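You will see two complexes here that share chain A, one where it goes with chain B and one where it goes with chain C.
Up next, the complex of A and B:
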């Protein structure tokens, strides 16, 4: 053997030895490695929405309530709660043994401070807008006084939406949106922040003084940010990561389904309610006639999109409220593909000779946006609509066009966020047509009856009546079609099969992972 | 080497950096897109008031020249500002990543020079032989293949066919509690593929350059004299010929440093290497102006320093230049 061959052989041996060493150490039972493509700006969910922040925020901060798989509220920092008969007052009775990570007790004043902070700084204004005042008669009682009934309030007290902040840290007068502690937060949740490297990783250690006995079960959670999905898949396949939530690509899903060590589920996204849709600019001269919008709906084959383009991993979505929500009304029209009807509607609207339209799409997962936009081009040609697909190089370019109403059609993905008041109303209320603001009513849709129904549903405390109001709302917008809803984003979670209690509740991984554990031995 | 030469070069470097700062600032502000909208988008939407408050918070509501003046004043104090996106000091963000980029770039540079020069020298030894043909073919392929393609091919090879090297990241999270030696070995283990990927294109260039340079030198009278005096072939090649043939290689090495940094951006993205390149790429998409400007500043500084060091090395290698200013 020559010297150079011996050298190469030696290098390979070292590489194999290091590889074997790495995989040997990976058997550590107390650590969970979550792989994510999402980059958190910071870790404080009180002033920031989105998956990226909510995942670590719900581990660091506890909240008044948490939710089970059936959408029922469960005790968390509040061991019990009462809603007054008129719906104008909610009283939270707090546990007495909760401590922040710095050892200071969680007091009613902290809860009141946190709700006010969220109300004044979180982008979802509707969550706590009706909160008029908050009383704290003692250190363990919080009374939330409302200026109108607010049935969405209890859901808004979930970990993903209402983290309880320590007033002694965040109440120093600095702007909460840019507070330095947002990147080095102290909470009372099951895990404490050990290390945050922006854009790279979040390392969380077990909170030994967590107020729920025998929890959390894991010693450590590492959220590794791997922006390239291929590299992320390799990490999952090689066992370098144990869980990959919010996976939406059909190729990714199918590939990880083949890995023996992993389980893949679409459970855990009911409250997130991510809907992929085609929005119409209803003030555009070509699209202001509802018959044109309906013609487009009849021409598009939703089944083809979910079964062929998305390889069967997506679920069809017919209306503005996610189909897994208790408020969804299944009686609304589906607009099954009917090209003759589409042509006839276009002719009735004065476009018998066809028309030209431009479709934008939000830069994001290609399969959910760009691929569908390109499919629209060939499909709508069949009814005489000539589509130009206009790509945006990045989010700022797209959001500027859409928020300034400089578009005709756009593909987008928008979340329901649990209660319709939080994530649905913003898209359809005529009072929310605000130029320059993305994810407002950029379709410029206005219907007085819809406004009336949404405003009534926002204050209706009887669940059955509320459901009826939302049913009528869904029927009207399904007829008016300011938006053609296509599918629920096929979010899936891949996780090591050995994990006990994986996050499959309504908030998925945006929920405390204190019950998650590796099997003994 | 005179001290005045060094001072003169340093002053030119400072002047160049000042120009880079102003030009970068103006170019980036010319790009379309509003950082406030990006932040609002990341937050999940925002009201008009919130957008106005974000713009005010980050000084985006002021005239461009006022923003430039404030930025230059901050830069004079070596304050690179706060990242719009992460709301953290840019210096801290860069400090977390600059080490990874320097490690990648320097190892790739050394690898490219070492292997490239050895291949070039061996090829020059027998210009019509198989090694010479190999170097020519390898150099052509090396020039032609994009760096990201090499990276992806290596990932495919080492992820499934021959899984002996990690294909993403810089450290194994499972070795977090390991000692410094194991951690260092782990980093080296992770470094193999990215460094080789980045080195390939430059390796080919160095091989071609050293072959051509050596061929010229090997035809010189003093080489014939060395051989006539009975010097060994290794001594002729590496002691007498290479030292004289090294000057063009040094020049190119200095010039290539900037290209290496831009190549590192792609390699870092492909291999999920936590360096400045990825930070720059993500910051451009987010219109995070202070971070982009900070990364560009540090990258430019690295190139200026590398060129200065090359000049000094040039003078060290060629005694004829030492007296010049």
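Up next, the complex of A and C:
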């Protein structure tokens, strides 16, 4: 028996290696093959951020809430929820029929355990930091007590950020970050893990006991990891894969757009909010003068980068909050290219004879990073700034330089992660200037009013007032310019046109794909 | 002067001049060197300056005969500016290769015994490493710049020269004039440098010439893989930077590629010509 199973396993492995999974319509729910370049270390999104883990994690684990296309929370494991008037208490009423994949019921204690696990282990500390305690008056009620109002809490209860773990598996005392079950997780989501071959594939099977009736629609999801982008494109063109999320290269996008069978969309990344920007080290003597930073902003042609370098697939981005977010304030200055103004600002700052600066970039795909850095070298020469491009051979080298503040200018990509509290504050709070931590306030930007506004916005429960606080914040940083924002990273999803309900919500494919289905017949 | 009394070098030069392909190689190479050194006199242009819309096709009515690259920089200016560094990397790497290779090969071949064994094992160690990968590791360890690239290429390509030198030394050290030199008490160092090395020179010169070509290709390969020095224009870097757009625009990749091809081709012809010129048996044909 063991031998035959091994033989079957071998066949599966061979079939995977050959990409022989025929995808598409079948008599039952059918199979969906997702192609991805991202390699997950494990599948537990409670202790690991990032796209690679979130995609399978959101299929395996359910979460208290989910979000629709309009940023409105929807019931998931919580069939209803109340936020107390003072914003200090959030009550979740759980569904009664949810089971983990091993047949045990999902209890309030599991939800409480999961929130504590995320709070203590996930890299995004701000998500659940204000959670003081969690009460579970009965098996289906969770009361989250906060030590200050925390409007970002509801978004942090999304599938990508707050997977509900079974306490009877993960609560055995092992360190959650290295728990053996992270690679063989049991959740209550629409799909169960069938097989996880690190670096190659994640095979997910329909959860027949999923607590939402008639879902999921698909029988099987296979996430095939193809690290070589050109091999991945060929797999998409040949129909060996049905969906390719998080595609950002203009050549890739243009190539798959030409494939008749496929649809390509940039919808589904609103909550990710990936912003590509040029960061200034505001403590560097040459860049501490705001006029120098503004001069650089006036010298750089954002339009050229978006249209010529990115072949028109990117969208311009001129502020710290992604332009597709409801908190974005469109009234902030764009710094449209104006070379004369740039020159006079430089002259005012005492650099009439020009200056020399270095620019770093993240090694890897060039289009959003190295190419822009090389453009800066050519473009800033026009206003007398002599740029030296500092190449980093690998990501750790770059990350070490930037996090230790050993840079003048650098290209960077930082994600908003839905609520500004999670992904935006970290870049601008002076209290988050932490040497050695990448994607902290590495610009070392400090403005008391900004700190004040952000701390107020973090606890402001009235959405309209909160929006006003963020509007003032955006106007200040757009003037101080610790960062010159360039564009939203052009993430696109390519998928088979026949698919019904493709993942175009705010979380894209980092969201349960239980409604996704092949058409009948 | 009597014809029969010509020096070997002069004889070789005459033979070389009768070798049409070799002469052509020399002329092409001289032309390329002249263009990179004096090109700016005829064609003013800054290789880094954005002068036009990106991806302007070659031979249009614009002022840029070979078009522009992905940033709108002039490709001709890039070729002129990139030639010097490309050739310099090739020459420096070849020089380094010769220095290390001859030192190892000469000592191993001349002394034999345990010196030979130790030096040859070291050589073999470097020989079995995949050269391009090893060069990439070196460039990665010491941040990418033209100097590190030249050193990396030199460090990975000397074993062949070492083996060649050793073979020549093994052969020549048994010849009578070497025995004679030893008999009159010439010191080892003098025998190695003044007696054997000049007589082993012809194949080494050929090898050095070919190494220049290989080193230029290496530099292109490293730049193509994204480890080039972005602050110094070179042909390899031009290919590496523009390759992402090759489906949209072929010319920013093709012309530096052609330049590399022509250079390596002419260097190879030259190397073959030198080989033929120094080889008396071939010369008689």
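Here, the second predicted complex is superposed on the first by the 492 of 521 C-alpha atoms of A that agree within 3 Å, B and C clash if a C-alpha of one lies under 4 Å from a C-alpha of the other, contacts with A are read in each partner's own complex, and residues count from 1 in each chain.
As a convention for this text, a contact is a pair of C-beta atoms (placed from the backbone, for glycine too) under 8 Å apart; a residue touches a chain by one contact, two chains touch by 3 or more.
In this text, all values refer to a predicted model and were calculated from it rather than measured experimentally.
Novice: Fit or clash for chain B plus chain C once both are placed on chain A?
Specialist: fit
Novice: Counting only touches as set out at the top, which of chain B and chain C does A:49 meet: first, second, both, neither?
Specialist: A:49 contacts chain B only, not chain C.
Novice: When the two structures are overlaid on chain A, which partner does A:205 contact: first (chain B), second (chain C), both, or neither?
Specialist: neither
Novice: Classify the contacts of A:370 with the two partner chains as first (chain B alone), second (chain C alone), both, or neither.
Specialist: second
Novice: Scan A:426 for contacts with chain B and chain C and give back first, second, both or neither.
Specialist: In the superposed model, A:426 contacts chain B only, not chain C.
Novice: Between chain B (first) and chain C (second), which, if any, makes contact with A:240: first, second, both or neither?
Specialist: first
Novice: First (chain B), second (chain C), both or neither: which does A:394 touch?
Specialist: So A:394 meets both chain B and chain C here.
Novice: With both complexes superposed on chain A, which partner does A:175 reach: first (chain B), second (chain C), both or neither?
Specialist: It touches chain B, and chain C stays clear.
Novice: Between chain B and chain C, point out the one touching more chain A residues.
Specialist: It is B that touches the greater number of chain A residues.
Novice: Counting only touches as set out at the top, which of chain B and chain C does A:440 meet: first, second, both, neither?
Specialist: first
Novice: Aligned on chain A, what is the least Cα gap between chain B and chain C? Give it in whole Å.
Specialist: Shortest inter-chain C-alpha distance (chain B to chain C): 7 Å.
Novice: On chain A, what residues does chain B touch that chain C touches as well?
Specialist: Touching chain B and chain C on chain A: residues 394, 397.
Novice: Applying the document's contact rule, which stretches of chain C touch chain A when the two form their complex?
Specialist: So the residues of chain C in touch with chain A come to 48-50, 53-54, 70-73, 139-141, 143-144, 226-231, 241, 244-245, 247-248.
Novice: Which residues of chain A touch chain C in the complex?
Specialist: Of all residues in chain A, those touching chain C are 249, 251, 255, 308-309, 311, 363, 366-367, 370-371, 373-375, 377-379, 381-382, 388-394, 397.
Novice: Going by the contact rule at the top, pick out the chain B residues touching chain A in the complex.
Specialist: Checking each residue of chain B against chain A gives 32-35, 37-48, 50-51, 53-54, 57, 82-83, 85-88, 93, 96, 155, 159, 163-169, 172-176, 178, 182, 185-186, 189, 192, 269-272, 274, 278-279, 282, 285-287.
Novice: Can you check the complex and tell me which residues of chain A touch chain B?
Specialist: Result: residues 12, 15-16, 18-19, 21-23, 25-26, 28, 31, 33, 39, 41-42, 47-50, 52, 123-125, 175, 177-178, 182-183, 197-201, 203, 222, 224, 226-228, 230-232, 234-235, 237-238, 240, 394-397, 399-400, 403, 415, 426, 434, 436-440 of chain A touch chain B.
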